[in-house]
Amino acid sequence: MSDSLDAYLILASLLFSIGSFGFLARRNAISMLMSIELMLNGVNLAIVAFGAFGVTPAGAQPLSAQGSVIALMVMAVAAAEATVGLAIVIAIYRNKKTPLVDEYDAMSR
Amino acid sequence: MTGLPLLSIITFLPLVGALAVAILPATMARGVALGFAVLALIASLFLLIGYLPGRPGFQYVESHSWIPAFGIGYKLGADGISVALVVLTTTLSAIAILASFKPIQTRIKEYMISFLVLEVGMIGVFLALDTFLFYIFWEIVLVPMYLIIGIWGGANRIYATIKFVLYTLVGSLLMLVAILATAYAYQADHAGSWIGAFDFEMLRAYATSPGFADGLQLAAFGAFFLAFAIKVPMFPFHTWLPDAHTEAPTAGSVILAAVMLKLGAYGFIRFALPLYPDAAATFAPVIIVLSLIAIIYGAIVALVQPDLKRLVAYSSVSHMGFVTLGIFVFTQQGLQGAILQMINHGLITGALFLLVGVIYERTHDRTIARMGGLAGRTPVWAAVFGFFVFASVGLPGLSGFVGEFLVLVGTFQANPGAAAVATFVMILAAGYLLYMYGRMVFGELSDFLTGLGNRLTDMTAVEILTLVPLATLVVIFGVQPGLLLNLFSGTVTETLDAVAPAAPIAIPDAAVIGGIVLLLAGIVARTGWVLLKPSRPVLQPEGGAAH
Amino acid sequence: MLQRSIPIILALAVVGLVMGVAAIMLVFLGQDWADALFWLLAAVMIGAGLLVVTMRDIIRCGLAMIVCFGALAGIYVLIGAPLLAAAQVIIYIGAISVLILFAIMLTQTKDAPSRLVFQTQAVPAAIASTVIAVVVALAIAATDWGELPERVRLATDAMSSVLFSDFVLPFEVVSVLLLAAVVGGVFLAKREPGGPS
Amino acid sequence: MDWDRLIPLIAILPLGGFAITALIGRRLGKQAHWIPVLAVFAVWLIAMATAYNSLTGAEPFGEHGYGATLFTWIPAGAFVVDVGFFVDNLTASLLIVVTTVGLLVHVYSIGYMRHDPGYWRFFAYLNLFMFSMLLLVLASDFLVVFVAWELVGLSSYLLIGFWYRKRSAALAAKKAFIVNRVGDVGFALGIMLIFVSLQTLNIQDVIHRVGTLPQTTIVVISLLIFAGAVGKSAQFPLHVWLPDAMEGPTPVSALIHAATMVNAGVYLMARSNPIFAHAPEAMVVVAAIGIFTAILAASIAMTQTDIKRVLAYSTLSQLGYMFAAFGVGAWTAAIFHLLAQGFTKGLLFLGSGSVIHAVHEEQDMRKMGGLARKIPITYATMLIGSLAMAGIPPLAGFFSKDEILGESLKLGFIWVWAVGFIVAGLTAFYMFRLVGMTFWGTFRGPKSVWDKIHESPSVMTIPLILLAIPTVLLGLFLGLPLGDSRIAHWLEPVFAEGLHILHGEAEPAYQLFGIDGVLILASVTIAVVGLAIGWRLFGVDIGRIRLPSRPERVRELSARVPFLYRASLNKWWFDDLNHLLFMVIGGRIAAAMWWFDREVVDGTVNAVGTATLGAGRGLRLVQTGRVQNYALGIAIGLIVMAGSYLLLAGR
Amino acid sequence: MSWQDLVVISPLIAGVLTAAAILIVDMIRPGSSTLAVGTSLIGLAITAGLTIMVSGTAFDGVYRADALTTFLDVLFIVIIAMTIVFGPDYLLPRGLPVAEFAALLVFAMTGAMLIAGSTDLLLLFLGLELMVLPGYLLAGFHKTDSYSTEGAIKYFLLGSFSSAIFLFGLAFVWGLTGTTRVDGIAQALAAVVAGTAPLSPGLAMGLAFLTTGVAFKIAAVPFHYWTPDAYQGSPTPITGYLSVLPKVGAFALILRLFVGALGPLAEFWLPVMIVLATVTMTLGNLVALTQDNVKRMLAYSSIAHTGYMLVGLAAWAAGPPEQSAGIEALLFYGVAYAFMNLGAFAVIAALQKRVGVTSGLTTFAGLGRREPWLGVLMTLFLLSLTGIPPTAGFFAKANIILAAVQVGGPLTILAVIVVLNAAIAAFYYLRVIVYMFMRDSASDAPAPKHGALMWGGLAAAAVLTIVLGLFPGGLLDAAATAAAAITTVSGT
């Protein structure tokens, strides 16, 4: 079981879709941020799994190593996004006095 | 020819004028604009004199590579038709500018600039020998007219002008696709070399042999047809015209009627026929039927127009119907008559709009029913108006007659039935024009006009000055149409050789029945719609009607 | 009170179930412990994930997220990427989660936790995300990955060499990325003297 | 003499007169008449010279006339139209009438229009008309004829509407022009057909080569030309414009609507006679229409009370005679009648003008009576004219009308003869009804008017006298010797070819003491009968012969045939019919079409706009402003995308 | 990492250094806008110089400075320079710092340049992030304004959502091909096309996720929702930037990814592109018809323009890979679009110099009277957006259509759809002109004074708009070489 790529991939996709559900459903901006983090982790899991099980094409670096590095990059990107996102959340919170995204609808149509 | 790029000079003199107007103070705008318009006129007269009617092909050709990547060139050239139309354009532009000295009091600078740019576009269209360049000039014409109607126009001007631009744009954009597709077809057949793919002469040569593929011909001709039919305008694409005419300022209507409507007809003759002869032959019956409808229909609708300008506008629809009819019967007389009719219509309708403007200046009203007895109060105006009204009725001896009759003779050869139908419009034309003339000019002075008191003055010297040249030309071309006919007879023959229909064009019953069925279907459908919910003009920005 | 704790109960149920399965596998079926561990961690991760997106109190959501990431780290170890697991712990649990918790604190309104957890469109959202999950899962199942029979343990030195040979440029770019994020973030989060507090 | 220079002058001089007067006439004031009158006088001299030389067969005219090309008008490929003139005896005869009557009318107008503010305008128009009419007569090309055809229409329009302040005048002018146009359409189509089938429009070429065409084509051509003639000569059903045309000043009625323009139709058919000769079917139509118009107009003329309208209807009736004559093939007779009528009608109209002038612009005969004593010259001349109209020998009208009736009978058109015979009676009747009501009995107008009535100035009376001369003598001059008349000799070269085609062998010899004599007696008798009835009912007062008018008897008689009376009074309701057809129904159609244009054609355009905007309005609702809605949208998009990719992969 | 590598990526380094320099200068002399602008312009000039000079590949091929790179880089640099120039007139009255503004812009530019040059999935992704992250921040740059921040958070949330989607797809593609190199992927897919390897559902799904992610960045329907709100909310000069750089950058990504890597699968994703293009331009135009806020209207119009550019891509995908007309048209369109759009937004920014002036249509009423030059310039840009000759916008459209008709078949219909859309679009562009010239001004407030920078920038945009329309030859050749650089690669 723990030796099958599919298991890990499905797990990853589960995490991804849970995150997407959160993103679609939660009202609180920060909850949405967290959901995005979940999605990214799902992606990471998939990447690592591929790295662990994938066949390294001839002449390329070992896939596992590539995978880890890519995952690392993704983490960094996630961190950056979190920084930016939280900054924006705080800024809008100052204006609107609420973290609830569905009340940010001054602009529409 | 001389080394002097005469055509470029004619084309771009007004542009220089526009720049000059832009730089110089507004007080000088009128003078400068008129000056450059007259310069252009003089230059075009040089062209007229220098042009040698006998020779085939184009003269004064200027050809420079412009966008080598696609073989697009800056190529101008003149043949008989172009020469005639260019001179018409320059003349009427000068007159129109002169005529708008008094009426236009606000934003005179912008006005003159728009007008000169407009002139550039129109001349360019008539001289361009590169399909791409042609399209560019074609579109350039739109913008100034859009502004002229929209800024200096009447109450409902914004609706009118947007309708005008959008309507025209739909057609012309499809034409762009057609132009490009044609160019590619040429390129594909010349080992992927773009050289000559936009050059009219090359394309024409290719069109005569081996000729473009049927599918392309039909599609491309369809697109060209739409663009030109809207511009002419042919039934049922004509409804922008009455609005545009009614709302445009006097000079705008003049140019619109006198020159811009000719762009479409010119396009048919210059591009649509030579490039897609087979498709043209295929389409001809339909177009003839549409032209006949336009001729009769325009006249009938004109009979009940309460608004003077609208009446003239619908008469334009009717008269331009003769042009398209003459073009698509593919006979020497028909085509020559069509071109003659283009020029005559330009002179006569232009003059009519000028005269309407004269009265509008004084009364600020165009309702025929409120006029009456002008002959007593403004005899000169009444006389001149009468002159042009009869010219428009097609009175022999004035230019209007020759063109129409040639078209009819040409049509008769191709299809007597069509000629018979078209000839009946002689009655209707007399009907609506004389009704209007009698209503306005005869009888006792109407209460409305009496109310104006002495504000209702006769024509001023300037106004007369604007009309004298037109009247003279109308008489000259009426007595000596040969002056024009010989100018472009050669070109006409060339064009016809390209099309050369085997047999007289039989209008298939299918075309007629189809047309009628469509009309009826339209009536039924539309009536239903109207009954369901009354539709109002929507193309206008909210509150657009207001000043 | 009851439906308030439903998500928790649900999550615990999932966890318990899976742990039970794992226990059974271990004890009775004598399978190797890795599978069991996989199940365990997976269960914890999914359960925690569900809690993150369902719980009302956002602070608990944050905590649940930490749990979730922890479990994921475990899975990384299991899959043979211990270094990454470490990074996971450091970056996510260490940095991001804390950052988020701070943000939560900053944006807690007086009337928090708020009345409604979910959007009006929670149901369609659930459907949509389920469909995504199903589609992806089907695609995965239907695909022959030509994968190895068993997972490759990652050699740390290999990773470092890769990082500093092939991926040196991305590495540098990431630093720039973070720099930009920080610069902007600071500007945006900084309270304006004149601005509303 | 250099005819190539001289003959064009006939048309050019009036044109010049028109141009000058139109431009500077206003300043000339009451002297404005000089230029036009002198121009026309010069034209008269030239025309007379031309006519003389032509009729005497002098060179270059010879037997068959002389023509020359002046310049090419329209060069359009094969379609080449030359402007040129052609003068033969037919032209010559017309020239005589047109220029003579024209000149006299010009002179007459000097007096008649004296006090009109539009004095100069009037003379300008008159010259324009002279130019058009003479161009029509001289032209050597069908299209040029058509040009003149339209130009006379124009000048008629201008002159009918001369008193433009009168709404009725303006409307009458419009009506005249438009109704004429209806005929012109036919003419134009005929010209096209001629060109398409013969590749030329030169009249001489056409009439010589027309025989080569298929029969049907010729019939169609002749019918189309006939349509043009019907319009211009106001034959049924296009007769409605002529009575209204009396709204114009009386000299105009005399010149255009009696003596010259209305005869253009007959002239045109005579000019192109060989075409008709090839189309007997068409000839029958011509005869039928002509004789029907004759009786129709005569019947109406009997009850009209406006002096000029009576004359107008009599004009119609006489034109009907001419058409009938042409239809039966008595072409010489037709032209003879044309000439006779030209002078007679000119005389009568000018006379009526003098009368109207005398009673202060009153045209209603019921307000006249007993004027004979007050305006003797007018009376005398008009009496002569009326007798001529009635067909009393030896006046001009007698010869021409008698020849028409006789010919039609001899050529086997008994029905034409029969109707014509009745019409002759009616003519005599209504002419003397007119004379009786106007000149005899007692004056029925206001006393104040009666006192001021006086004879017109000599500038008006002299033309009357001058016109009376041909009215008396023309018949004797042209119509004798009977059966072999001078006019026949004149026109022989013109008609010989056509007549040969038509009748083949020469027609039977003239026998004074045979059938022809009987016919003469018959027509004289019927004329006398009609005249007598007229006298009986409306009185007479010639020297000894005196009878009182008997209005009550008139009422009684008319009450006896109420329908006929009302029909005659209401002109057989033709105006009402036209009004219904073209004003009411036509107006409805036009209005409907305009509705169609606004709602359907333009409405569709606007509907497209509405639809587009509507689509936009609908689609913008998607943009709710809620992030999650957007996200959901994206998610759905993602699902669709994945689905489609998987499908694509599946293929 | 060798010296050679550093030389090749020197433009990127220069970009980063410029950003840093701006910040440092600002620390030394806080709040000096002229200084900030000056520094950034100098830095950008240097960057441009380097870009034009260097060429070659670095880091064994993950970064290629080829013709395409140079073309796009120069475009990006000019865009950023213009945006910076337009900034102060709007920012200063609202007390917003120019330095951070400029720095963030330059960071974003570096990201775009990285995209233009990289041939490695991961690098592309990072470049994308580096391009958009500053974008999020800039959208919310007016942090005390609720609209600005609202736009920002919408942009950010959806943006990172799409990034996650993109990454997921990236993961699958990588996992299946075993490499992040564009050429490597191309080879692997070539095998698929050749039939030696199956086109597995996993791969298809990966591609779907990638497409979605990219479609979001170029604001293709139905992934466009963020555009109107973000554009309307952002400070106007930044809106101009947002409407141009991220879009063109994302198209650069598309070129590298879909043409470079997924080229072999062209006819596989072609149908999707055709549908995307049609839906995008139609919806964009239709909704734009109903907008009364010019910024929002231009947002929708920018969506429509995305559709037009996609037609170029579709034209390439439908034709033989070495026939690069479609790509050339796309590149040309990008350039033309950049300048006319920047110009239009710059005019709005200039109008909004006075704080409190909205971007509603009524703001433009009587502009032709109040500020004739602004009116004329706006007219020019709008006409160019409409596609009226002789402007860049016209030639760009013509070029797209030409590319489409060259392929023929369904693309001809697409071309017709394009022109019909152009006709629809004319209505709302002309409507602004109606307000400017045919309506009377609502307010009679005196026109604010505009800085020389603003005028300079506007002049530059206007000149470019006209010149590119009248003499497009040079740019055409450049685009041709640039396109060749990529199509030849994928052609093999």
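Each chain carries a letter (A, B, C, D and E) given by its place in the written order, and its residues are counted from 1.
Everything that follows uses one rule, which is that a contact is a pair of C-beta atoms (placed from the backbone, for glycine too) under 8 Å apart; a residue touches a chain by one contact, two chains touch by 3 or more.
If you're wondering where the values come from, they're calculated on a predicted model, not measured in any experiment.
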Contact-graph distance - origin chain B, target chain C: 2
Given chain A and chain E, the chains that contact each of them: C, D
Selected interface, C-D versus A-C, where C-beta contact pairs are more numerous: A-C
Centroid spacing, where centroids are CA-atom means, of chain C and chain E in whole angstrom: 34
Length of the line joining the C-alpha centres of chain B and chain E, rounded to whole Å: 42
Centre distance in Å when chain D and chain E are each reduced to the mean of their C-alpha atoms: 79
Rounded Å distance, chain A centre to chain D centre (Cα mean): 99
Residues within chain D bordering two or more other chains: 613, 620, 623, 625-629, 631-632, 635-636, 638, 642, 646
Multi-chain contact residues (two or more partners), chain A: 16, 19-20, 23-25, 27, 29, 32-33, 49, 54-55, 63, 66, 73, 77, 80-81, 84, 87-89, 91, 94-95, 101-102, 104, 106-108
Sites on chain B at which at least two other chains make contact: 166, 539
Interchain contacts (touch definition) - all pairs: A-C, A-D, A-E, B-D, B-E, C-D, C-E, D-E
Footprint of chain E on chain A - complex, ascending: 16, 19-20, 23, 29, 32-33, 36, 39-40, 42-43, 46-47, 49-50, 54-57, 60, 63, 66, 70, 73-74, 77, 80-81, 84-85, 87-89, 91-92, 94-96, 101, 104, 106-108
Residues of chain E that touch chain C when the two form their complex: 1, 9, 16, 19, 23, 58-60, 62-63, 95, 97, 100, 103-104, 107-108, 110-111, 114, 120, 122-123, 126-127, 129-130, 133-134, 136-138, 140-141, 143-144, 175-176, 198, 200-205
Chain C-facing residues of chain D, complex: 626, 628-629, 632, 635-636, 638-639, 642-643, 646
Complex contacts: residues of chain E adjacent to chain A: 122, 125-126, 129, 133, 136-137, 140, 143-147, 149-154, 156-157, 160-161, 163-164, 167-168, 171-172, 174-175, 177-180, 184, 188, 228-229, 232-233, 296
In the complex with chain A, residue positions of chain D that touch it: 620-621, 623-628, 631-632, 635
